[in-house]
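One structure is given below, represented as structure tokens, and several questions about it will come after.
Every chain is named by a letter (A, B, C and D) in the order it is written, and numbering of its residues begins at 1.
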């Protein structure tokens, strides 16, 4: 379907490309020069971040920054994740994974061993995030790996066919995050100002919900389109349009 | 809530609101539309009457709206604005009547009358504007509301005329905007007042004020059809006759001329303008335009085009009277603002009747018209004689005062211009009158739409008869109280500090 | 102090649309109602916020209670409030329009396509609104990056929603441009953090010094924003993306989304890099604006399709915004120039939304949007043509429209500082705008008997266009209060002549 | 001038950014453009991590949090871009952006 010249990329140095290259080199040179003038030692915000760590509810400064100091960034970032799925779904319907059918028996037996382990690791990463590198994103990525493997072995129909549940799980992370962010204001605090005593708990709650949504989101991006629900599959269309 | 603050707003709204309502009327709602039109027009005349009575009784009518910090939209009634507001509201009333008769049975009447009403609101706004930015706002609104009238017919030719009209007026508007902003940065918010408001500024910013004056006059000169900015006017003749009447006598050209008057007398002040030396060039341009318009009119066979070039010439009388530095010429120029309006509207009404009823569009087709349509032709004759300046009609009075003023200020060349122009006026009007009254008609009329031997619908005929009567009255009763001349005399006395 | 006075209104402008994004994604049938309710809710919340800012000056809000430098601050000053008012008001009108647009049975598209568009328009639009409001309230440059991305993803997905070939290709280009612009911006943020160890706008403003670091950060961030803001000559992606989207989307993209980048640029230029910028760079940006005005108008004069004409008009009008940089150089006219460009943003947003909606109605009725074949459109759609004309008046800058007041102030700033070249440019741009607006209106007056329009246009769609165009015109008569409000927190000198 | 270890990484970040930018402009295939964006992004992230490393004794957590956010956004962007590129392929049959495609239906 593709014209072959799209793939065999023309890499000759035309005058235009030379100009682009010169421009890029100039930019790199200028930036490099600027970077060299940076102070060699700067604690940045490390001192402040560590000083406030005991108030953040977690022991890992990065997690504190992600979910507490700059939790508002993360709130919108979870929204970006959901938005990406909505965007991808608005574009096209997923292609049925015919290419991988039927899954090889070797793959299936491999999965039987590795999948439970991966789920365990995902949970562990989520848990460890409070003390050491880890957290919802890392855990979510591993969990997404599980879903991708299921996809590759064509064992994931159950996940993608229950549209109501699917949507519910996708929005779970953002919903819980917003609920907590606004909920803590009931006690007179500001948005996302966790009460000190419950900060660790609330962060874990948000992370657990986010873990599920992140894993599903990443897997949905891998699938690359709206899942075929049962009623759709009978009349799948190629124009990316979902009849209602 | 004080009525004094709202009267001017009501005057504007009386036609604006009716215009808006008319847009939404069904095309077939002829009766209701006519009723609304006349109601709006009458209401406006009454309100303007109330305003004049109030101004006489030393009421101050003023409405303000803050546009920006330090910049107000100001409506104010003074003697000058009352003069123009009266002119436009009275002439609008008769034009409305005429237009209803003229457009009977044509398509898009709701659109037409809607814009017609808004156009008059804009003109009234121009009259009542209390400072330059307010003037500018209504001046541009006038451009916008007249464009749909000019292109009303929707033919290739009228669309072309509309395009020319917009190119001229929008460019002029841009210059006016530039000048207004410039003046604002130099002098702050300057309001119109008799005697002018820029004397103080003129000492510091002499050259800037001269440049601003040039920009202002150029911007206004487009609508006032000063040479060489008159090009749109003859083209716009493709519009229906009521529109031509409106453009020439009530709204557009008059707004330009009125603007020039405002700038010279109420913004700069006649003494300041004279001191800056900007009046002489203006007088020169006006004089040239007078002669140029008359000469061009001489060679037009199309009646409406001939009248259009006549307007180019006649409106410059106003500019000339304004620019000649002298008490009497000022009186003449301002009076001509009114007199030219009533004379020219009569001519256009009649030309419209000729075209509408008999299909006569050309001067060469007018032989014997006087016998066929004595009433219309009589009105036409009175107005034409007035234009030439024959006593005792209105045109004589204004030309007389301009001439006196020219002599008084030693500008004898202006007297020569007046004489030459009057001769030219005679040269292009008298043959028409001669043919119409004294020649016998051989061929049938190009397109006789008259029912029986009549002169058309009474709504067509009554307006020119009324305005022709006004032409006579303004001349004969020139010294009566409340005549245009007396009114202008009152304004001029304040202006010159007498 | 009542609850109304102390409520954290600025949060609701963000939380409401975010929640609505989730709800409209879950409940498709109720989505239009949720959407309209959300935009109405954001009108209420911005009204509350405006009252607070008018009453007690600019606000700051430390999310999480951490405060600068560790946490993220929100802030609301005159500029933010006006931008929020803009997004809320435009939002209501577009939502009302869209509710009808995506469910009109007469539409040209097939029903299935429409159902699909309806299902995804609402959540995408709600996230767009959240991103936009978040952006207008952010006082933190890294957070600005996050909101920019939220905004960008929603905008690109919306642009692709029509699903046709041209729309998809345009959206792809838009996405590449948007992502690279964001990365430029992010690099600038990184450099600033590396140098000054904070990402708060106000804290940085006190620290930034001229030098290679500040210069490179400014260059990176400005180029990123210029690409995203479609400033000439980086505008190439805008016309196809805006013209091929569904009508409500075109309106949102043209009226609101491009303004977001300009808003950030304005903030950075006057607050953050106030000590770094030079007259030469300001003039350079002004020249880009001049190029945009001339080139965009010239292109608009030659477009065969109505929506492309309107899209190129956006390119041209964005050029005017760039004029603020050279015009604000002179301390005397800085405040006027600043007010002018912000008011220009407001006026353009109303006018452009109205114009796109009206153009959409015309295209909807005629079944095409070829300008040459639009004869006699007034007979079929008087209200939409009136909306187009009124919006055109504001774009041209004729009184008494909002565009006129904005141009008045621009001219005042230009003449007040003796910059005649810019003044001339502003006037020439107006005349060019008149020319391309008249290209369309021209066809309204031709008297040909046209066949009845193929499709009836629902009244809601006509009236929402007309309402916004009326607002664009009336903006000229209510400029005093907004301009006054703009002084609250304005980063430019308060002493301007003629502004006493 | 001594080459601090962090500086090496920071400059490498600048280099990656530049390489990605070149490919984004000069290469036509959409997949390459998307990859180029990822390379650019990686350059910025590397730079952020490098400057965080200047802090003693603990690396500055704030840039790390930023990178974490940036990576997630970048993953989403890649997912969206790939889906869109796929749509471009199905509608136009090619994986490049045509030069003048403004006036489509």
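Details
Here, a residue touches a chain if its C-beta (ideal position, glycine included) is under 8 Å from a C-beta of that chain, and two chains touch if they have at least 3 such contacts.
This structure is a prediction, so every number in the text was calculated from the model and none was measured.
Chain centres here are means of the Cα atoms, and by that rule the chain farthest away from chain B is A.
Compared on C-beta pairs in contact, C-D and A-D come out with A-D as the pair having more.
In whole angstrom, the spacing between the mean C-alpha positions of chain A and chain C is 30. In terms of their C-alpha centroids, the spacing between chain A and chain D amounts to 16 Å. One finds 72 Å separating the Cα centroids of chain A and chain B. Not a single residue in chain B touches at least two other chains.
Listed for chain C are residues 70, 142, 146, 149, 153, 156-157, 160, 187, 193-194, each touching two or more other chains. Residue positions of chain A with contacts to 2 or more other chains are 31, 35, 38-39, 42-45, 49, 69-70, 73, 77, 80, 83-84, 87, 91, 240. By the contact rule set out at the top, the touching chain pairs are A-C, A-D, B-C, C-D. Interface residues of chain D, counted against chain C in their complex, comprise 10, 17, 21, 24, 30, 33-34, 37, 40-41, 43-44, 47-48, 51, 62-63, 66, 69-70, 73, 76-77, 80-81, 84-85, 87-88, 91-92, 97-98, 101-105.
Residue ranges on chain B touching chain C, taken from their complex, read 23, 65-71, 73, 107-108, 111, 133, 136-137, 140-141, 143-144, 148, 151-155, 159, 162-163, 166, 170-171, 173-174, 177-178, 181-182, 184-185, 188.
Chain contact summary for the complex, chain A toward chain C: residues 30-31, 33-35, 37-39, 42-45, 48-49, 52, 68-73, 76-77, 79-80, 82-84, 86-87, 89-91, 167-168, 170-171, 174-175, 178, 181-182, 185, 189-194, 237, 239-244. Residues of chain D touching chain A in their complex: 1, 4, 6-7, 10-11, 14-15, 17-19, 21-22, 25-29, 32, 47, 51-52, 54-56, 58-66, 68-69, 71-73, 75-80, 82-84, 86-87, 89-90, 93-96.
Residue ranges of chain A in contact with chain D, taken from their complex: 1-3, 6-7, 9-10, 17, 20-21, 24-25, 27-28, 31-32, 35-36, 38-46, 49-50, 61-62, 64-66, 69-70, 73-74, 77, 80-81, 83-84, 87-88, 91-92, 137, 214, 217-218, 221-222, 224-225, 238, 240.
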